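Common to both upcoming complexes is chain A, partnered first by chain B, then by chain C.
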Partner chain A sequence: MTGLAPSPRRDWLPWIVGALTLCVLVAFLIYPILKTVLGAFVRQGDEPSFANWTLYNFERFFVAATYKSAVRNSIVVSVLSTVVATLLALPAAYAVARIRMPFRNFILALSVIPLVAPPFIGAYSWIQLLGRSGIVTQYAADWFGITLPPIYGLFGIVLALSLSFFPYVFLIVQGALSAGDPYIEESAQVMGASRWRILRTVTLPLVTPAIAAAAMIVFIKALGNFGVPAILGGEMYVLPTLIYFQVHGFFNLNGASAIALVNVLITLLAIFILARINRRRRFVTVTGVTRKAAQLDSLGARIFANAYVWTLLALSLIPQIMVVWSSFAERWAGTTFPTEYGLGNYRQVFGDLFQPIQNSLVLAGIATVMTVIFGTLLAYTSVRRRFVGRWALDLTVMLPFVLPGVVTGVAFLVTFNDGWLVLTGTGTILVLAYFVRRIAYVFRSVSASISQVDPKMEEASTICGATWARTMRKVTVPLVAPGILAGAVIVFATLISEMSVTILLYSASWKTIAVAIYERLASNEMPAAAAVGSVTIALTLVLVFAASRLIGRSMADMFR
Partner chain B sequence: MAHQLAIESLTKNFQTAEGPVTAVDNVSFGIGGDDFFTMLGPSGCGKTTTLRMIAGLESITSGRVVFDGRDFTRVSAFQRGIGMVFQSYALFPHMTVFENAAYGLRVRQLGENEIKTRVQRSLDKLGLGGLAQRHPSDLSGGQQQRVSIARALVYEPTMLLLDEPLANLDAKLRVQMREEIRRIQKDLGIMTIYVTHDQEEAMSVSDRIGVFDRGRLRQFGAPSEVYADPRSLFVADFIGKANFLKVGIQAADRNSAKVAVRGYAPFAVARSVTLDSEESVEIPAGSDGLLLVRPEHLEIAAGVEGGLPCRVRRIQVLGSFIRYIVECDAATREVTVDARRAAPGVSEGSNANLGFAAEDALLFARKRP
Partner chain C sequence: MQRRSFLAAAVASLVLAAPAFAQSGRVVVYNAGGPDLFKPLSEAFAQKYPQVKIDVINAGVGELFTRIRAERSNPRGDVLLGASGEAFVGNTELFQPYKAKEHDAFDPKVVGPDNTFYGFSMPLQALIVNTKLMPLDQAPKSWKDLGEPRYTGKIIMSNPSLSGSAYGQIAQILQLHGWDLVSKIIGNATFVAQSAVVFQNVAKGEYAVGLTGDSNIVTMAQQGFPVAAVYPSEGTALRFDASGIIKGGPNPDSAKLFLDFINTKEAHAIVVKSNRRSVRTDVAAPAGQIPTNQVKTFAYDDAAAARDRKANLEKFDDLLSRK
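Now for the complex of A and B:
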């Protein structure tokens, strides 16, 4: 024996990490979900037990008109938003990937803005534009005598949601189109296929999985969105607003649980359909080919592509621009346009709105640190170690990804309102809810980077006698740091204006930006809300931009 | 009806970040009938670009592609009736082997029965009969390669273009497949343009080869002709192994030149090439030209007397012949000698001498200023 041989040691650390994370997830995710499911089957005030078992909470879905229409509205809104967003995004994705266009990267970066700007702020802008006394409404009536459809209700919600979420389809499909092997289409071309035939028989089928996955994201986001229907819904309820109504109006957590369960069922149904669509498609199109796809550069195509893409971007950015614009309005009452501009609203940001901003930053910051630590360790364990039940781990982490925020909110309310751990009204409950809702982002981003790191590099380090912790610190972490950073920034940026879960869990001492804006909007103080909104949008953009520079990835890539 | 393809002064400029790049520079050649034509050259010399311009996948900066007297420049790729095989095969991953092969026929709107028989015939011809219902991802590299050939041939194109179709296969399969491609090509009597940077592959299957260098077609001709009678140092060096001896030119006229290796008696060389100004600079100072002698034309014998003295570095027994790598002061670099049988008394490290017949030598003379 030479003294240099490292002593054999058991590889315990990954297990401890895995177990620890699992405990956290069980306590703050699985357990609340189970409790919610159980709670849905007993009447308000009853103990969850077999003796009290009832379908009472679900009966209302068959008798109460509000419930029936809420289910129908939710499905209609999400399906329509998904279809509209997808149809809007596909031509744009094709144009950017396949037609020669100037400012391609700029277009991709701009398309990220609707994703980082909270959709509910934008929703209010549509009221300013298309509402009964909105700017566009008035001009349409004065100049053309056209009466626009009412913004409150289906039209407004679908408009705001699809323009907020189309970038998911745009970015994902654009990426798939750019990454495919260009020779495949060229070979169809030399075989005599026309451009249209190639699009129909080759291009579209090859990106169908990407389209389906992107559409799924839009569907889930639309189904779980609270802010937009809360502002634009008018008389129209969808499931998330119905839950809010149950909780804030009656504090009927059992009723809310039942609605949440129905909401989740719809999501699962959609995922099941997606899986069916994708079942027969098990092909990889990404190859080592470095040649970029040939780009169309006929004048007609270029004019059309530019006109289309820029119009779409303009439409989707209008709400954000409106927000910034109205944040400078000092006086805006009863007139089409503001009568006085100034910085008064921003003074509020440093006055009574400062506390919510600070709260948001603190809560989002702590939650981000937690997601980074646990998400990274978990991703590592899941990618690098083979163990039984790995799929369960992956599934658990990804679960909140498909759970609407309001559902997580209900689960937390149900679980931590009484019993062994009372957290309602604290900042902790928000941090924990944020944590379970966003850990999937870090997990996914880091898993992707780790899969790209050759395990041989780690083995080399281990062979040299380094401990697992040392290998992690010296080899793995530096290599996957960009993935971690990307995940962290997305988490933080989307958390500072988080709405769906916050609206159920906040308390007077822990109001966040989203709550503050919502309250101002509800009391018609748009300019003040707009000032906070502008600050939030700016802050988020700066963060995402800085991170993309730091890790050398485009902003658009960070959202794919 | 024998088809004719004429490439006339074909040029392609690419606009890149570093400015315009001339990928193909004034290339002209003509082929016809069932010619198997191979474009050969080092990486980046413009072979693929030329092929893609013929296929109509790349726009032409200047020049013409003329097929059977018809200018192809304005004919779009899908009207040219071309079959093409890509290096990465470019099979449709979402279609079965059958559907892949049927694609060109469906485009041509043939009846379902006709499609079935023709696809089946084409697949059988390439030994793919049993794989029709598989997806490309379930095939080996060689099988995928065959599918892509079947797919290109099934609609009986007037011209078959292959861009390094064998690059992803192992050495043994490459030899087997290249023979198979040639057999099918001759069988169907289909004009074929083939791209490779493997000169042995090019020599073994082609009727005609074109040697490309930095966008230019340096030489066009039958493989034997290009090998025996290269018109430039580049071609001499690129095709087969080449030994260059530094020589002085004492007298030259139209038909022959009197040359001498320094320190030896002059002799007459019948065949000579005057280099262009670009290659003239490659002739070392102090010499007037370089004499090309192929390895099989050199003879090696023991002892320093009787020929050019040299020192043996390495002897490789390569089966059908023996290769000597020797150092010789008169040569520009190490000299390769391929001998049918071992030269007695010659061993690694020993001194030896080299001889050759003057009629086997080819003189590359510096261009006169």
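Now for the complex of A and C:
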């Protein structure tokens, strides 16, 4: 790697990096996942081959009412959650990026917390509040005589999902807004355009790729979620519910793959629609500005921004607040409020927590670094290099993200249990599964950012004699740094409490925080689970806050 | 910066890839019986056999069977502990026949063919009633009552496709009353996709009645929730959870040691402390439970239940989707 000195010879580094990336993709993504997905076309237990292919596994989508209604439920739930989450997040993203607000880093760190929601606990909290015997439900009935709509069903699912997934849109879009070139907006202002007109015709179109990328993530997350519909859905089954039935109820991986493919199909449709919206808006704007976008400073704007952002945060943090609250409850059974408070739950879990926390940090940390490196490289390739089959690369990266975790988990378990590479029981299998499931976050977030950057910047650097590596390091990466950071923070935070592949792949020496929570839930120790959950929340908050301050500062240094 | 972090990642993955060194005395337990039960059991085992290191994977019956089947070509676990009897009956090919030391203390009904598994605890299925929402004299008293129109919307059950105990409930109702009653219950009850949601939601007052294992009811009552158990008047099945040695597991000798240990009277005394009933007739019922021989039971054919599982679930699924 002598890429620092200008070299007259051909620059081989991009090819080496490309080949390495390809190897990683083929070995850990394409091979296990594709093998499993192809299983959708043979009967249960058969090996995929041309000789015995069949559409039998898809038959039920045309025959069984459960399957038809699950497809319908899945689409309705994910579309509604995406729309609500996006509409909630956009004003907040604009406020934080463009209006002068105190505690900006703290707000960003807080907004990550809904993403760390320990599995299942969040949904339980909504029941504690809005269920038939919930706190809010009872007070609404006692004081105002209002009967609240039942939390079970579509209303509850969309409420829980959109409030826990809006941070994807918020974080990614505020990253894009902060990176945007202020000159265009200032020109518009100089030319006499009103603020509203600038927002509508300049600002919003410029961040459309970022909004689309973020909305896509919310859509896919909502489509693949099992826990919230399982607890709040009652009998409203979605496609992941059916996948769980097939995998854990019947070990019918072929049937599960078929359902997962329908999930993929729905996602492709959504990607297609979003891509059409996006195509009409292709702009390059980041031209290497060395200063941030101007921030609004008027009193009205600031009052609105603070009120809106803090209300949204408060609402979305309700489940986490409930978790923290119940972690201090010594006795909370059959009454509206706890009857006794104390630290007993923390004392109970104290000794058992260090190992899982350390494991989670190590596994999530390494996986995050991997997603950042390979996700950024792939995003760069996908956006900058025009080549045949670019859509295939996009699809490959997105595939394990679109597939519900249980499918990826089983694919890894079957593939790496014997043969050329045995990984079951190691930490590596968890890291790789995390990497494969989360690379799409960085890929999407960085793609959106790179498509904003003018390729002329990089060309100029190359013309001046810089190698590809130097150009990446000194030009491309610093320019898209906010996008990378947004992706990395999301990956790390969501991996801390990753549940669906962990439960299938963890081994005794690699128990994570999510497993620790699951174990408490399995023993009916809800308050203890809440204590572990609260520690997780606090830890993530501190880490993300520190990271965004530290990296935020060093990123600023990189511009100089 | 990129290069450095890349190197770090490469080194770290090498470190992580290092296989766990095979210790002479080690046993990997796949535990479906709940971590609260495993803790005292493993402590007692460690006291007796300090040379054997115990590793445990805690998960649900479904997840553990998924693991065992996916790992079949190279098994990673040694013993499956406390998974529902129906699941064992239908999958005996995954388990290693082994005649336990205390074989004679077990009723032949809870021992698998060729001694592939031994009964463990007895999760008798009962009605959990929230007495704050529904006084006991108004609560359903039999399986048959669950089909009564007056309970429409008040019952919560778990979907039998995912949960072993939920399938056990449906299989019992089928053997006692047939599909007629099951379809009435389908009209009355909400079938959720998570079995723990059932008793938790009844305890919290979201639903008045649910179907669950009786140890859950006692545990919730002891935590202070206003719940009571009602055993169906037609009788409930003498269902059991079981344990067996996973075929081809990495530590066959420690596996036998562990299985023999959890079959002892001493281990079953620990089981009982967690409100679970023991299959061993020489171990008394838990303090908070009525004695097993006073619970009305009926002759449940678990072999038939296991044999017809797929057909029954398909029909159930069909009926549920037409609701």
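One rule holds in what follows: the second predicted complex is superposed on the first by the 285 of 560 C-alpha atoms of A that agree within 3 Å, B and C clash if a C-alpha of one lies under 4 Å from a C-alpha of the other, contacts with A are read in each partner's own complex, and residues count from 1 in each chain.
Please note the rule applied: a residue touches a chain if its C-beta (ideal position, glycine included) is under 8 Å from a C-beta of that chain, and two chains touch if they have at least 3 such contacts.
Keep in mind it's a predicted model, so treat the numbers as computed, not measured.
Student: With both complexes superposed on chain A, which partner does A:V247 reach: first (chain B), second (chain C), both or neither?
Tutor: Second partner only.
Student: After superposition on the shared chain, which partner residues are touched by A:S187: those of chain B (first), chain C (second), both, or neither?
Tutor: After superposing on A, A:S187 lies in contact with chain B but is clear of chain C.
Student: Given the touch rule stated above, what does A:Q44 touch, chain B (first), chain C (second), both, or neither?
Tutor: Neither partner.
Student: Touch check for A:S178: first (chain B), second (chain C), both, or neither?
Tutor: So A:S178 meets neither chain B nor chain C here.
Student: Determine, under the contact definition given at the top, whether A:T428 touches first (chain B), second (chain C), both, or neither.
Tutor: It touches chain C, and chain B stays clear.
Student: Determine, under the contact definition given at the top, whether A:Q295 touches first (chain B), second (chain C), both, or neither.
Tutor: After superposing on A, A:Q295 lies clear of both chain B and chain C.
Student: Return first, second, both or neither, reflecting whether A:G234 touches chain B, chain C, both chains, or no partner chain.
Tutor: The answer is second: A:G234 touches chain C but not chain B.
Student: On the A-aligned overlay, A:T467 touches which partner chain: chain B = first, chain C = second, or both, or neither?
Tutor: Neither chain B nor chain C is touched by A:T467.
Student: For A:R197, select first, second, both or neither according to whether it touches chain B, chain C, the two together, or no partner.
Tutor: first
Student: Looking only at contacts as defined up top, I'd like to know whether chain B or chain C touches more of chain A.
Tutor: Higher number of touched chain A residues: C.
Student: Overlap the chain B and chain C contact sets on chain A and report the shared residues.
Tutor: In the superposed arrangement, which is not itself an observed complex, chain A uses no residue for both chain B and chain C.
Student: Touching chain C in the complex: which residues of chain A?
Tutor: 1, 64-67, 69, 124, 127-128, 131-133, 152, 226, 229-231, 233-235, 237, 241, 244-245, 247-251, 331, 333-334, 362, 366, 369-370, 372-373, 410, 413-414, 417-418, 422-428, 431, 472-473, 477, 503-504, 506-509, 515, 518-526
Student: Help me check something: in the complex, which residues belonging to chain B touch chain A?
Tutor: Interface residues on chain B, with respect to chain A: 55-57, 77-84, 86-88, 90-94, 103-104, 107-108, 135-137, 148, 151-152, 155, 161.
Student: Can you tell me which positions in chain A touch chain B when the two form their complex?
Tutor: It is residues 181, 183-184, 186-194, 197, 201-202, 205-206, 281-285, 287, 289, 294 of chain A that touch chain B.
Student: For the complex, which residues does chain C have touching chain A?
Tutor: Counting only chain C, the residues touching chain A are 1-3, 5-6, 8-9, 12-13, 16-20, 28, 34-37, 55-60, 62-63, 65-67, 69-71, 73-74, 76, 132, 159, 161-162, 190-194, 196-197, 200-201, 203-207, 216, 219-220, 223-226, 310, 313, 317-318, 320-323.
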